[in-house]
């Protein structure tokens, strides 16, 4: 089998523009990713880095060379240290975490239940899926205003309907906890459709064989759900968990139009605090930047946890 | 064998329909009321004196159509741009191994975690340096790169078999032709869905247009809606009718693209 | 253990009938294989037995009990799915015990049953692995194990080997057969693999378009197919068919005229036939013998070879009988060198020739070796 | 058309070597089949030839041209993928013409080439269908058509039939063979199907763990395997192996002692062997003959049957040789009734027995029918 | 040249008024045209900050507060028009336009904060509203309002715009104010007195206002409640007059606004500003001068239903006696107000106190913090603001 080998013309066979073509081939993926990277760097990462840099200064949003008192003063990590002993910020951070911790699981439970409820492939259920998805298509401003109106203590439709069955008006937006609940309700209502869709695709990806095997084994519906559906849905759950947690941490427009942060400051969450600190207080932009750094770190940690979870689920 | 119409299911279904339909319907019906009735006590669910006057007032302003047109231009072009670059980036991340690919991916995903509200001024300065202020181009281009879009496209394109690309390369197909003739048509379900998503996102977006646009000729609908909340009060008839009018096109687009949604992309989204 | 009886089981999806009234009586401890072309309703039938689908009409009796309206879990059956349907997130041990935990058994009893099944299938070292850490054959055994632990009256298998590669298939086939012997359980097994059906079955049920075509021992189906469908379906390569006309009918013999073959006299029961009637004549590829080795009583055939394939131990020759247009496959044992356009002379023993009614496709009855007549 | 030469091709992924220096010279117009166990590097080798992977070392020469550093599209190669890789969104016609449109051909030329390929493969009526509207076999033909239109110097096939069902496989196998004859093109074909390899190849290359074990004509591999690996790999069911010790060595004959078989004298070249050395003795399942039918010169063997499988035309008997612990498979033609624990007497012709060096696994050389010695 | 004019509006009618005035100016001065840019009011601060950060300013802008951040860009009218000109304007509002020895804004219109009453409801209940001269105190008024509400079947006695500047009037009326009336600016709050008044306010909100109205999250809209005939009295300001005149389906009147220890309203309104970055500064100044001149002022005030800022403006006939009377009453409230009703809000430092003030008050009403804490927060915001400006 050591057959004769044909003599080869190694040198002559390389095309003269070999280098150029190789270069072009190698640069192709970079070319593909360039537009996205350029936009993301320009409108997200570069401003973010600037924001990080701002967090080291005592300064306002705007620096005017012609006005000496607007010039930034370098303060090192003072802004961060201040955050630590700023009770207001701590409270806001805790409240935001609280919002996420309550709203996200609720959202997941609701959207998963909806996905299971609306799974059948008939026209009626398809219509219902569209209805559930519909809120996600409306701008948050309108959603907030509508819910605010529905929840009105004295003029809201909800309380009016309750009054018809002689239930005393509920102070949906006038009492701290109730308002926080109202924000959660509106947020969950708005997000449920999107997550339901993701869950639906996750559910349909689970082979019916498992359920049939389980039903032959006499497994109850509930046990099928806890022992088969949930574990097999884990990758989907991880995605939904992280995406909606990030979304929840960033809650802003909805709150502004629904409660305006009230009653008092009961529903002021992180982004609103950052925004108000930066834009409404003099010389506090550095502090606001420090707050955003904290927010970014929290979200980053979340995302990393997600990667871990998703990887271990593989 | 399983009957989807069991009584419990139907009851739950009815509940779901009420909960999810009531607020939009309330919004819609209120828009049909004359101003005095909007805040009447006790409230009426169905208008006692239904009228289209709110809509007529809103639409009779020539400006409204300008805003509508601007919104349409912005959302369509921006969505197209966004989908285009998402497909490109998603393709690169799904099917090529190159130096820095993971870093690029992480950078793109990390921008998901940067709320625009906290970087407004730096972004504004970038926009200014690029000469995008007060132009629709700015509203179209600036928000076009979406990490979600890149992520969805990447997940979807991952499922396209490598062998198709290899077959094409064996046939000496130029790379751009592979992208245009193979990747794009095969990702159509994902592209359709992403397009629908982007249309909705851009259509409903307030912050970007607000940041970029001052000139009223370039306003989008959302700016106009926000503007009906004035210094001393809300112009309710205008707000309601504009809201309803702004939701309608979204509903139409979505219904049209819904078939694509259900099948394609979501599967891609979760296949980790 | 228990037998299984299906009584005129009908299934339709909407207005579309899938099974047209299947009657089938499986004996206690019997290994029955269901075969049939794709879409004929094999899986549906199995799923009806399991209770995963409801019947539209008819009854299912297991042992003495009418289970037609029982839930799957209450029928005392176990099913091995084509995809195995092992729970991917549970260890092998958990997979085996999961079903048992639904019965009110003590932890000890469960462990005992799992250990026993694992020992029987030699999967003890795998008990703490996840399904994805197993090879195809090992998964197969776990799937069977999951069925065994439940001590079912009846095992159902839906193409359990079709995911395995050829070598593993042969091996696992043997294992299932031995398991059947050891457990003595009633088993119903769906496959579309000829060899599986022939080697494993006590009896084979041939389904076609929702009808039961024949139900009998493997060699009976091979030697005495009830009709043209079964004849064509059982045996690989397929039986060669030739259209012909009945020229002469006697009680024990009929004579058929076929293009290329001339007049062929075949020893079958001619009582249902009439002269002039069109019939189909069938010869299995392995019933062609080289003329040199065939007895003089054989019917003589001249064959024009097209090409051949040789696998060392056997040779397939493709071509046509001279004077006929029908493609013919001949299967010879050993390596035989054949070139394109070679003319080969074969002999076929008349007793090996099958005749079918042209219209109904029913077989003309043959006699068994013991002289009894086989009614189609 | 052109030959293909691989010169000490090495491939490693990272530090992990996959191919250890493959030398292979394929003649112009030859049909070469690559076989080997899963993961041995068949696909990798094919993809290296196609240019879809780079070599770590070594050269690839097509015709007279070193193509090692050329892009896939520039090598003049066509590849048929296991999955066919038909563009699912294009009609068959478009699939065929897509690659041609990259060359600067006129519309007419393209249409002509497509029409010709379609005619050759009899897929003309399918030209306007989408791949999903085709059956498996039709898709296969379109995939081949896509290769043909480009008039490549070399065709590469990566397990092209493994997705088809058995019947279609047989048919398509024949079609590819005939196509090869008609086009006279050089073809390299990867499969793990024995029968495909044996029936289609001019020469077979057996790969194992990244090494080329043997490269030769099918029957040569079958009759004169170079080593124990090839002997075991080629032929189905697998050759039976027995451990033994060399007791006597002559120039043209050696005698081996094997448990259960006693002393076996085998006519092979003993020049490289020494008495007392451990060897492996191999007998193919089909080389056992019922004693009644075997000549007196055969080596006599008593066999205890375990169980048997009969497929109508042939019978496999599983069991052990009396006095030996090694499982043995015997392949008999025709239907033979065997019961558990039956004792069967077989004879094996000494010339059909293979002997391998215990350590290296290399074959003891045999003589061909013409008397020439086969060097392993 | 074309001037870029940044404006905010409350409804479409106002936009039309502005446009017609601009057109009028262009008709008279053909070389000057306008590019009117409307911005949602809630976004004005952010817009100005963007502009300041990037240095691109419009030529002319409407503002109610002259955000500190834009002040460095504002043209000095003293330099452009001369120091006398500003004396033509309502003093309390004109003082707000001064920054040191500069005048950085031109008063456009003045608003006054005060009380509206549903006179139909009073009539129905048979309760008299005292005359403007006589007036009444909070302690006198609230029980009357409740009585009217009860007798006339009106849902609420009192509604009150949820706004810091409407709230602080109540403090003003008890002599409380934040900043010194004269430079240098100092915080002069007497926290104990402030707290006492805040307590009174909270009690009143519980007693007479719709539940939850002032806790800051209420969806209830005081204006809509009053317009819908659901409230007897409405604490708001003169800018409501045109809408009331046009749309109210009942008889109403402005004032008398109740007093505490003193009578007070608060100066409010809008300014026009020009930017020294503008290449068309001269044209911009001429336009502003015209716009705030007697003739345009009268026209603007009439159409917008506001009080002219220019003292020389002709008497405005609002075309409706109820409206004309109301404007007069509201103007009277301003005239009767103490000096700090003008100065407090005129200090630039006040701009960063409004936000914390509203939050603190609504938190106090919501019971999240005590009144004393709320006042301390306001005090701190004021002190911080003073420091930040140094």
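As written, the chains take the letters A, B, C, D and E, and residue 1 is the first residue of each chain.
The rule is simple: contacts are C-beta pairs under 8 Å (C-beta built on N, C-alpha and C of every residue); 3 or more make two chains touch, one makes a residue touch a chain.
Treat the numbers as computed from the prediction; the structure is a model and nothing was measured.
Would you kindly say which chain has the C-alpha centre located farthest from the C-alpha centre of subunit C?
So the farthest one, by centre of C-alpha atoms, is E.
Hey, which pair has more contacts between C-betas, B-E or A-E?
A-E
Which chain is most remote from subunit D in terms of Cα centres?
E
Return the distance between the CA-based centres of subunit D and subunit E, expressed in whole Å.
Measuring from centre to centre gives 93 Å for this pair.
Report the inter-chain centroid distance for subunit A and subunit E in whole angstrom, where each centroid is the mean of the CA atoms.
Measuring from centre to centre gives 39 Å for this pair.
Distance from the CA centroid of subunit B to that of subunit D, rounded to the nearest Å?
56
Could you check subunit B for residues that touch two or more other chains and list them?
Only 39, 41, 121, 226 qualify.
Which positions in subunit D touch two or more other chains at once?
In subunit D, the residues touching two or more other chains are 71.
Any chance you could list the residues of subunit E touching two or more other chains?
Those would be 46, 49, 53, 155, 221, 224-225.
Which residues of subunit B touch subunit A once you look at their complex with the stated criterion?
4, 9, 12-13, 16-17, 19-24, 26-27, 39, 41-43, 45, 84-86, 88-89, 91-93, 96, 98, 101, 104, 107-115, 117-119, 121-123, 126, 130, 141-145, 147, 150, 175, 179, 200, 203-207, 222, 225-226, 239, 243, 246-247, 250-251, 254-255, 258, 261-262, 266-267, 269-272
Write out the stretch or stretches of subunit E touching subunit A in their complex.
Contact set of subunit E toward subunit A: 45-46, 49, 52-53, 68-69, 72, 155-156, 210-212, 215-221, 224-225, 352, 355, 359, 362-369, 384-385, 388-390.
State the interface residues of subunit A toward subunit E in the complex, per the touch definition above.
Its residues touching subunit E are 60-64, 66-67, 69-70, 148-149, 151-156, 169, 171, 173-176, 179, 259-267, 276, 279-283.
Okay, in this complex, where on subunit C does subunit A touch?
Within the complex, subunit C touches subunit A at residues 47, 50-52, 71-74, 77-79, 81, 83, 85, 87-90, 98-99, 102-103, 146, 150.
Contact residues on subunit B for subunit D in the complex?
Going by the criterion above, the answer is residues 161, 163-164, 166-174, 177, 181-182, 185-186, 188.
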